[in-house]
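Both of the next two complexes hold chain A, though its partner changes from chain B to chain C.
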Partner chain A sequence: MKKLLYSQKAAPFVFVLPFILSFAIFWIYPLISTVIMSFQNILPGQVEWIGTRNYERLLKDRVFHQAIKNSFNYMFWTLVMLIPFPMMFAALMDSRLVKAKGVFKGILYLPALTSVVVAGTIFRLMFSELEGSQMNQVLAWFGMEPVKWLKVYTTSYFALVTVACWRWTGVNMLYFLAGLKNIPDELYEAAEIDGASSFGKFRHITFPLLKPTSIYVLTISIYAGLAMFLESFMLWNGNDSPQNIGLTIVGYLYRRGIQRNQMGYASAVGLVLLAIALTINVIQLFMNGSFSRKEDK
Partner chain B sequence: MMKAGIKKAALVLLTGIFALSLIACGGGSSSSSTASAGGTEADSGAEAISTVGPDNAVAKLEMWTFVELHSQFYASMLEKWNAENPDKTIQITFTTYPYGDMHQKMILANQSGTGAPDLCDIEISQFPNFMQGQVQFRPLNDVIAPYKADLVPARMDIYSKDGNYYGAPTHVGATVMFYNTEIFDEYGIDYTTIKTWDDFTKAGEALRDASNGEVMITSVDTAGSDWLWLAMASMGEDYTSADGKPQVQQPSVAKMIKMQQGWLDDGIAMVSPGGHVDMEEGFANLGDGKIAAFPKAMWFMSRFLNYLPEMAGKWAIAPCPVFEEGQPRSVGIGGTGTVVSTQSDHADLAAEYIAYAKLSYEANLEIWEVLGFDTCNTSIWTDEAVTGDTSNKYIAYFATNPFDTLNEIKDEIGKIRVDTIFPAINELFNLTLLNNCFENGAGVDEELEYAQSDLELEM
Partner chain C sequence: MNNSLNFGSQNQIKTSIATILANLFFVVLGFIVIFPFLTIFFASFRPGQELIRYGLSLKIDPANMSINNYVFLFSGTHSYFTWFKNSMVLTLLTVTLTLIVCYFVAYGLTMYDFKGRNLLFFLVIATMMVPFEILMLPLYKQMIDLRLINTTAGVILPRMTAAATIFFYRQYMMGLPKALLDSGRIDGANEYRICVQIMMPIAKPAFAAMAILSSMGAWNDMLWPLLVFRDASKFTLPIGLNTLMTPYGNNYDLLIAGSCFAILPIFIIFIAFQRYFIDGMTAGAVKG
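Showing the complex of A and B:
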């Protein structure tokens, strides 16, 4: 016994045990049971195997297709807005052009610390269809008619992406700032001696050397975009939006599993989301060369 | 070489874990008030907890509701129960959750077999979700039996499965027409002559012309199906078949939606702000005098008292118009069934209490006086001590006596099936179909055809 306790071979396993256990209990077990449940019809006291019927139904389910479309749309626009702009802000923050950097960083980061529930409620009121809502007042200044913001597809996504930008710009900027700190100053000095312009330095030094950070941000943004739920839940004050314009894949999972008592079907939805997110990211990482041997040194 | 393989594998694994964690984190819980049912008395409110009854009670029970006023009603009935049954005293801890949260918690408690309260209010449009599989509630047949003779049978049936009653009903929910008499008087239109939808349309045109389009006769709902229920009941149709299959291509449904599209085109009706009348935006619309009439179940009376007290004396209640005179003029909408969980240690006592608290004559009297509902015990409707009591706040508020209308339509209150498929139908109409028809001017027949094919997938 003593021998086992002091064994050098056993020690590493003892140290990783807490992680392995929590990983097994909270990730592996739920994953396996989700896979099993996705082939079942689950009701209280009545569980039956139905083969691939849940998946066949998903293929024909127009609302699910709408949810996928919505999630992709949201993901696409968050990628467009939340990678280039935070990168630019980070470069600005790192340059000599900006005074009182701490204040700006603080302000940009602040939204990430607020609760989505509170923020979502405020945004819902701002984008209300009533004439007196903030956004409609802004339109009124320009002499435009009030808009039913959250009932129309384009304006709804404008609202959703606005919430996302408001919330995540600061966080992504911090990632890029950390990446910038890793770029040695000597490179910039050498470039200056060679007469490079500011844009040239950004184009040929900052941008390529930020690639690892960009890939990281891209990867988590794809997941976050596809798995978005709470923002839409808060903006429409629940999971139900007119014509399902705010319904995301996770929202649909929630609707089926928790609102409609169809855990089996919801499990299938969850696994499809997993498959989609995994596929996109593996392709993306592959194309960016993250799997190539060159980086292996 | 080897190292590269391991790293690749590790990367894939990490990617997977990341994806999983994000999926797992997706389900945040927060307060919500879902646009409910074909219009129901669902109300959203803050969480509130109260404990009522003696500490040395025989049984200590938990009860969940989604309207705080309902908890207060059960508490006052509990005090009467304890006074009358000293050998069977009960203490109940009432918790009021927001509408969506409460039903979702209850579904999860049933699925996992633990955590359910002894007693729980379940709103009718959610009820079918709980009737699937083995029902996790105690049948109430034995405790209902003593009261059954006085009750409206249709209201018991909606909470039943395979001959067992699982929910104790609260009210009938007879739909009536609410008319703003001030507006009708101002523009010289007599609402009492409105008998059919054609009359209603003509009154709407007259109102539009007299007010230069300022006042609309009504608002049509994009997030509620009350109008459709009324249409179906009047023509004796139902969008669920007797064996529980969807059949939404009903002539009555199409007729009603087309008629309403016509109203929108002619400028005699607007789309309800917020989706239906039972919303903050809807109350504001009524308060501002933008619309002159709308159909709603009797339970909406309490909304007037709560949200529009300044309009006392202005609103009248009358039977709803129909397509052709002689058709039934009402339909029961909304409702709450109270259930007893099989997880309860005192299920029998809980069942006995809830039958007393909701079905006895005293209970029905209290339901009328406190909640202002049209009670399931119809002997209240004809009790002149009740109907003639002008000090009652509901009778005092309205320009007409609610019981006059109720007794007039007593035998015309139709019933629409609320079956397993109902939540799906409800969702489809209230989120998509009505929006498409009223906001985007989509063709009614094509939309109904789409809806039917989507719903058949659910079976």
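Showing the complex of A and C:
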């Protein structure tokens, strides 16, 4: 027995055993159980099979629709802000023009080190509705009246997206910088000989060759955007915001599942989120040609 | 006048203007990024009651500044350092276990050819396709059933095999020569000795990168510990700080000074090991 365990054949299975166990216990099992729960009505000590009724209720649940709209809105603006700009910053940072690259990279990465609590505390105070809060002072410079930032829809999302930009611009820029390292210098040299402009080089070399990195960043951004919860939880100091303007899909899952202990209904919410996230990502990958084998990357 | 020489110096001027503009751009951007840190740093020297009444102001008023908040942080009666200690212990345990387990798994997946290897690697990647936020609910129920709620094990166990960490180790180890394994075997070492005594020292840079990245993740983690821990005596720093967001007593004094102090350990690690941070973080993006 001991001999078998030490053999070259058995060793790899011993090494991967922790993953197999953890995969079975903490991934497959909860995933299946949440699928089953989504067809049940779960009360303490009493479980009732109700078929697709949770999903039917979700179709008519206005608050859920609001949450989906909020999550999409947040995701959309984070994609707009957190892909093109970090890409351009990275291209600029990679050029010969910028000195002290290490210092700049370090500084732009700093916000990613903070926990969502610390970031939330800072921005909650900055965007407070008090006349003396920073953002209202900035408005006052331009002769504008103070705004109740976190009580109005548009300004609330401005605040949420600001937090996201502050935390993730540097990180995404570093992703793009890593991608840029893989583009051979000869391409740029050849383009220079042909008399290409800086913009032309960006448009025809940098942008297309950054595609694998862009797809990676896009994929994780879609997930992070749709699954956002804690940022809103921090800005409104809890899961409740005026007219649910800060409620996200995960926030609604938390409210139903944890706060109200309706595990079945909350499971249905989670699975709808999973379906949405997977669908968007498959479409995105398909449109980007990640599934076609012809393309040589 | 030589025309081409003139052209050259004009180009030089152009380049130096571009250099100034590009650097200026990052100076401004860097300042915008640092600004929130500066405000909370300055705010930590002001009385909390004032923050509640007037908000985070842009003005700096030296007459109103004192180190009272920090005096209270280090000598007052509150749970801050209990949370700090809890976070330390949880971070150390999580990082140690995650790194060892993920290294072994990646080692098995990289160094051996066996049936089902590709399937297993596919499953590792598949776990990344489901956001944790969806699994947290059934996992929470599972932890209650397993009586792991309110325990450190309950926080660590479900997250020990992190797909991204396995992926990183694999990327790193694919570049290592497998001949080392054979020479180890010829010397009579068994498979596990080779893994620990020969290969682990070679994989040190990968350990360094992952140690830093995963300690940052564990130190700042909030959602899952928030669900698992119930007693205030077990709270980690992020959960504890969150409970201070009520305008009573000295809460805000502690919140602001405590937030600044909570950033400190990660800042120090970051400044000391900046290179590894970036290596570990960007590994997935290039060949993903």
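Following the convention adopted for this analysis, the second predicted complex is superposed on the first by the 279 of 297 C-alpha atoms of A that agree within 3 Å, B and C clash if a C-alpha of one lies under 4 Å from a C-alpha of the other, contacts with A are read in each partner's own complex, and residues count from 1 in each chain.
To be clear about the criterion, contacts are C-beta pairs under 8 Å (C-beta built on N, C-alpha and C of every residue); 3 or more make two chains touch, one makes a residue touch a chain.
In this text, all values refer to a predicted model and were calculated from it rather than measured experimentally.
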After the superposition on A, what does A:Ile83 contact: first (chain B), second (chain C), both or neither? neither
Is A:Leu218 in contact with chain B, with chain C, with both, or with neither (first, second, both, neither)? neither
So in the superposed three-chain picture, is A:Ala191 touching just chain B, just chain C, both, or none of them (first/second/both/neither)? neither
For A:Ile50 in the superposed arrangement: first (chain B), second (chain C), both or neither? neither
Could you tell me if A:Gln134 is touching chain B, chain C, both of them or neither one (first, second, both, neither)? second
Of chain B and chain C, which one touches more residues of chain A? C
Now for A:Gln243: first (chain B), second (chain C), both, or neither, which partner does it touch? first
I'd like to know which partner A:Ile205 touches here: chain B for first, chain C for second, both or neither. neither
Identify the partner contact of A:Lys60: answer first if only chain B is touched, second if only chain C is, both if each is, neither if none is. first
Would you check which partner chain A:Ile183 touches, where first means chain B only, second means chain C only, and both and neither mean what they say? neither
Of the residues on chain A, which ones does chain B touch that chain C also touches? 27, 30-31, 116-117, 130, 223, 226-227, 229-230, 234, 237, 250, 253, 258, 263, 270, 273-274, 277-278, 281
Help me check something: in the complex, which residues belonging to chain C touch chain A? 15, 18-19, 22-23, 25-26, 29-30, 33-34, 36-37, 39-40, 43, 51, 53-58, 101, 104-105, 107-109, 111-112, 114, 117, 120, 123-124, 127, 129-135, 137-142, 157-158, 160-161, 166, 185, 190-192, 195, 216, 219-223, 227, 237-238, 241-242, 245, 255-256, 259, 262-263, 266-267, 270-271, 274, 277-278, 281-282, 284-288
Sites on chain B touched by chain A in the complex: 3-4, 7-8, 11-12, 15-28, 30, 32-35, 100, 103-104, 107-108, 110-111, 113, 129-130, 132-136, 222-223, 273, 275, 281, 423-424, 427, 430-432, 435-436, 439, 454, 457
Provide the residue numbers of chain A that touch chain C in the complex, in ascending order. 6-9, 11-16, 18-20, 22-23, 26-27, 29-31, 33-34, 37, 89, 92-93, 95, 97-100, 102, 104-111, 113-119, 121-126, 128, 130-134, 136-138, 166, 169-171, 174-175, 177-179, 181-182, 212-213, 215-217, 223, 226-227, 229-230, 234, 237, 250, 253, 257-258, 263, 266-267, 270-271, 273-274, 277-278, 281
Chain B-touching residues of chain A, taken from the complex the two chains share: 27, 30-31, 42-46, 57, 60-63, 116-117, 129-130, 151, 219-220, 223-224, 226-230, 233-234, 237-244, 250, 253-254, 258-261, 263, 270, 273-274, 277-278, 281-282, 285, 290-291, 293, 296
